[in-house]
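The first chain written gets the first letter, and so on, giving A, B, C, D, E and F; residue counts start at 1 in each chain.
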């Protein structure tokens, strides 16, 4: 589908304990899927855009689940079946307000991406190529794959979007900063948190301006409960967060990115994109789970116009 | 049972998703029952009054459930088994604070009430006949049945109570205002929200006074989180809402009406009735479900006297 | 998709009680979807064929669920959103071996099909048009729609498949036999049970031969735990049922049809088609639910080759 | 209600683990009620008879549950609220076929029955007074209460029915045989297993004949999977058990007794009573739980006429 | 294990309804264990201390569960199997904020403690003997056992800790004040609420000072949401409560005591002990259940350092 | 603990879908633990023996669960926390009789065992060192560790037990036969299936005799539903399997081994050992889950003496 989002990365199974407490006392578990890039793809599809996800999963039931869920969401998926296992996350709440996530992913199928996995035609016909700073941390070939896709996008004149998404555990034996800086330098659209901006650039100064100094023409700083600021084509923007009851903050950043990019693909201006991003992030935190709570357009309308809390 | 509440209407099965999210991701569902008039009947019975409910259900398991639940609550039920199906509601939460209810009820058994369904003796011996503005919207014969019962009550000198309960979806092909106004005109006791008062009377003025101008000697304006105001035998009343954590606002209005009418049947004065109404409504919103959370007298005492939150 | 299955009919929400016992004592419920024609479409898709389903659902969450589930299964769906509600089924087990299903469907969206709902191009490019004897019982316009689609298939030289699927409750005010006989007469492929053959033709004689006498060149008699017999291009076939533990027999007939038609679309001969049909039906009864248990090709291999019951 | 069943005894809360395995690994529990006499009362009510239960429960939520459940079943209950706690049973499956039940009942409210708890008018107007050999084992005053009620029935010419129901654990510090023999001697209708007959009478001989020798004119020997034999007004009867899948055998004996007594109250002859008893017992074992699976008349018809296992 | 905590008392099964509402509408139940003294023992073990619990349970599955859970927590347990049943608690929420607990414990195994149950060697080698004011209320022999253990501790120079833990229902036929005062007099460390101090000493004055006047050198006044005050070796302390979302306040007092005593056993000073006590109590209220939510040292660090609410 | 079982290997988290069907339609999941060697250790402990398990787990919640479960079972565990993740299994039923297990274990903590992980003192004081053919397949260092432990046992005169336990997937890039033959050669006690004997020795001949020819003095051939044969100190034995309803066959082989070794440690003769092995295996298959269903001595008595299926 010409002009849509194309993204690549690792999607894992997500085993989440019901209720509050250690695994031993959990009464039941849900089994979902999660991954920053597929979350963005699902988010864009729910908001009416077209989206393609590229990645590897194992020849196991978790891999089957990932394929079916993406198809159910209307995301085109180029899924390569790999001889390693599909990575898994195990999530539980230690208290009402304290989530804990373990990653069982080292050596997983998803980390074994290679440049040849990326269909050249898909990138060429994309409206936006979106990548994150997670994928280059997964393996050497995954890193190559990200940069290979970015080069292919440049060659085809396709906009490159990067969510810095620094995960300290994944980079433990490798230096993240130069890689992430390199990635930012090659992007037109960049999303980062204030801490991530410091990680890439060292401390000091205005994060949006400094990241924009590396090249990107659109820099959006996600600042959680405080909202966001942005420097877009030289113009500053700031949007406050909406007040909602937080059920599960995981996935909110991806919802935010999906909101921004879906509106950008649909031709909306910077203010509209940021408003949609903020609303999508707010909606996502009111749900348990990673991608199940990504909003549709009517969901966002309901959120914004709710005068009472029953829709009949 | 001489002197109790008699009411009639449609009661449906209520399929409610556990947790938050779309039907697809719900992990389980509860199957209860709901209906404005049977909610009021159950509420009155739980508060120690006698209550009778009249209505039609299908010859299906949902109809069986409705009969058993009402009997378990101590409500006398005149249940006519109809060849059409029992109506169903499907409820889910789109976010932590956003409920969505679908009605699968057009042409249901409950909508096929006819005047002959109403036992004349039951109305004659009632303390109060209570009807709502929902039933006249269900079908032509249901509308006739409501007005037939009201006439029978008038003839027997029985007090008529009306909860305006405007549901826009049910009236889509019909004009609600003249019917609801007609109903209010024939009542001694009227319950309405501020918007419903405007719907019946057009905009402007004090809702309680204007409704009282149509005839009723007791008008109670339910105003949700703001509490209620009333004009009872010419005297003004206002009671603030209690501060409670809202779990599910559906059914709070019915609990309020049950509290008021149970106290009225028990001979309590206006201030006591309104206090019980407010407390019952507050109790009901702290529960998921329509009628499962209707309070008993000890429940109301616990709510009002709770100094700590554990009763041993 | 040229050469695939095209089908049309009503798909409903399916609320199924966990465990055994009346609705009142059920601890939880599942919410799925079901419909003879969409079951066949899903079954064909799972077996690697292409499938299209055409039908109406309401503008409600159940309608959303139906759309998403079909998409997740890889079925192309032409879903018309109707102002009436999506039909619902309520299923529970009265004992370990006694299922009970109520239909809340009269006047539902699904019954309001009209001939214009059927995309002419879809029928023209189909490999098989499959219809059932359920749809003509739903309403006058639904009946017209079925015959309209059959005529369109004839005009385009597309094979017509009919599953007689007689449901006594739906025909209570109408005479089923002439309509079903009319449908059989216009089909090339017919599926029926022995009782259904008698219903269409009156008692006596060999069901397959007598149905074939009406015109169809392929008649398959599904006979549950006894297996099936068939008369295909003048040749007799008989296949025994597989011995499996029956968990839920609902949906087995649709799985059987899907197995036969998927193989027929793939160019397999009569014996292979019937073997796949028998295996698919056997697989489906080992699952609770209507369409969740429809098998894939690897599932059928596992079933047939299972020497122990753990696959690692 | 003149002419119905009147019974008295202890009803307890029943906490039953889901699935198979020790309490530690159970994923959830159900909370029901159970008691031999209230099971019979519920069974009679479901089969269309009138039934009254008399007993003590604590001033606790379990006592509330017992009251509500009996009312929902249409059983008239004379429930005395006692200062002791309501007894509890804890049930789990050690394997698929091995149930284990613990009784937490010593000193419970239910064991504190006194003769004054029995309303004289209820016994006088009964069609049958039914008691079991469990109640005399609970306490000295419970024993007195049973014999007091039996005397009252005799005085009023009311038929006395006794289910021997020997529970070894309850009699550990007391000799059961003379008490149970005394009870049998005062009954017109007696139910016992072969082992119970030996316990009462010592080993040897035909159990039905020997029990009848003590006085009762109707003796029914329940022999589980083998069916039953009986000596009724001097005539011998034998009925085979039905073949069903056993899910939970607890409560089958009570269902059997309810079937026999309901038919007896309705004026049916011995063969019909025994047939209903056998069918009711067969139905009950196909359910988990004590009284939730007691059948209605339509349930028995379904069981007996089931030619396929789906009723639509 | 030399130098650890030794405690004795009653531990019961705890049947807790899921969700909100009466037992009848609960969808499921959890089965855990609870008891003030074993909660403290588990709490100390989780915080890295050694702990021993002494008590009686029945020869039933609930008794098995108690043994296994304590062993899983690393608590040494001297469990005497008694011929009476294990006591049970039944817990449900009447509303989101109103818990109700019933005790089914009169005459239970746990109430039948006798002095000979206490291994002399265990007390002699203890760092702290901890008892509560619950045990003396259970029975005459249980009261003797507590005082016997306290005397044994005195004789061996072991510190005695007392949590006053007044439970009005248990003392209904007996005067609590002199017994509890006697116990306080014999302790070095005392925990009490403000109301409990008044109960022991009569109204008026500063609770910590007045309790210290009876002899203890460490008095800690637990004041729920207001935090705590203490008089330790003549020095005053006050610590505010932490702000957390209260899920279930049951067990918070035991967590507090465990935090204080674990730190005292580990040689920490008064301020550290009180800080740990406050944090442990805060952690425990964010969990449903009695002892499942007792924190480990890493849990307390997470609670205190949480800057965002996801730990990865 | 002198004279007990010592074993080593990998224990994983086990995520198991409720009910039947693909992960997508599963309504919930359980989270347990599993591993052939820890299953045997738990089995021995439940049968009254002492048992020690040695292995590596990750620094994650799954690792915590493994530690707590083993402790709760009374197994001594030498648990090394590794920087890699704890391996996970994902299990679901494709049909009522078809289990599917995926292993997410490549590179897991458990595969990173090294010889230094094995405490020399534990092996020296063991009654039996038990290893399986799974561990040598996990990694080079795991293979060294197994042979290192076997050598240490030989040096100390400790009996070595080997369960061949061939898992084809683990050996895909390596030749299993010579390694497993080498292991068998060094054992006194060997357990194998008929297929495993062929794998080690090539086809032909009597499996027990041929394995005994490699050196072991006790060879037990587990043959599933057919029972077992053995050659023990030169004497032939054969025991039939018990007839039970199979719920989940996974873990039955480990239960069998635990039964044999527990009895051997307790000094029982060959016939008794094999009888216990057969009974323990039979008991385990009636449970879902890997180690939750391992029997205690009373469980085995219940299984063998069950005349009815309710124990009270």
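Operating definition for what follows: contacts are C-beta pairs under 8 Å (C-beta built on N, C-alpha and C of every residue); 3 or more make two chains touch, one makes a residue touch a chain.
The chain lineup, named per UniProt: A, B, C, D, E, F = 2-dehydro-3-deoxygluconokinase.
Not measured: the values here are computed from a predicted model.
**Student:** Tell me which chains count as touching both subunit C and subunit D.
**Tutor:** Intersection of subunit C and subunit D contact lists gives A, B, E, F.
**Student:** Which chains contact both subunit A and subunit B?
**Tutor:** Per touch definition, common to subunit A and subunit B: C, D, E, F.
**Student:** Need the most distant chain from subunit C, centre defined as the mean of C-alpha atoms.
**Tutor:** When every chain centre is compared against subunit C, the largest gap points to E.
**Student:** Would you mind checking which chain's C-alpha centre is most distant from the centre of subunit D?
**Tutor:** Relative to subunit D, the chain with the farthest C-alpha centre is A.
**Student:** For the homomeric pair subunit A and subunit E, should the interface be classed as same or different, according to whether the shared residue numbers exceed half of all numbers used?
**Tutor:** different
**Student:** More contacting C-beta pairs: C-E or D-E?
**Tutor:** The greater number of contacts lies at D-E.
**Student:** Which option, B-C, A-B or A-F, should count as the same interface as C-D once over half of the contact pairs match?
**Tutor:** Among B-C, A-B or A-F, the interface that shares over half of its contact pairs with C-D is A-B.
**Student:** Measuring from the mean C-alpha position of subunit B to the mean C-alpha position of subunit F, what distance in angstrom results?
**Tutor:** So the centre of subunit B lies 62 Å away from the centre of subunit F.
**Student:** How many angstrom lie between the CA centroids of subunit E and subunit F, rounded to a whole number?
**Tutor:** That gives a centre separation of 40 Å.
**Student:** From the C-alpha centre of subunit B to that of subunit E, how far is it in Å?
**Tutor:** Between these chains, centre-to-centre, one finds 46 Å.
**Student:** At which residue positions does subunit A touch at least two other chains?
**Tutor:** Those would be 18, 22, 24, 27-28, 30, 68-69, 72, 100, 103.
**Student:** Which word fits the touch map of the chains here: line, ring, star, complete or other?
**Tutor:** Contact pattern: complete, every chain touching every other.
**Student:** Going by the contact rule at the top, pick out the subunit D residues touching subunit C in the complex.
**Tutor:** For subunit D paired with subunit C, touching residues are 18, 28, 30, 32, 72, 244-245, 247, 283, 286-289, 292-293, 299, 302-303, 306, 308-312.
**Student:** Which residues of subunit A touch subunit F in their complex?
**Tutor:** 13, 15, 17-18, 22-24, 26, 28-31, 58, 60-62, 64-65, 68-69, 84-88, 90, 92, 100, 102-108
**Student:** For the complex, give me every residue of subunit C touching subunit D.
**Tutor:** Subunit C residues touching subunit D: 19-22, 24-25, 27, 94-101, 103, 167-169, 224, 246, 249-250.
**Student:** Can you tell me which positions in subunit E touch subunit F when the two form their complex?
**Tutor:** Touch list, subunit E to subunit F: 68-69, 71-72, 74.
**Student:** Which residues of subunit A touch subunit D in the complex?
**Tutor:** 27-28
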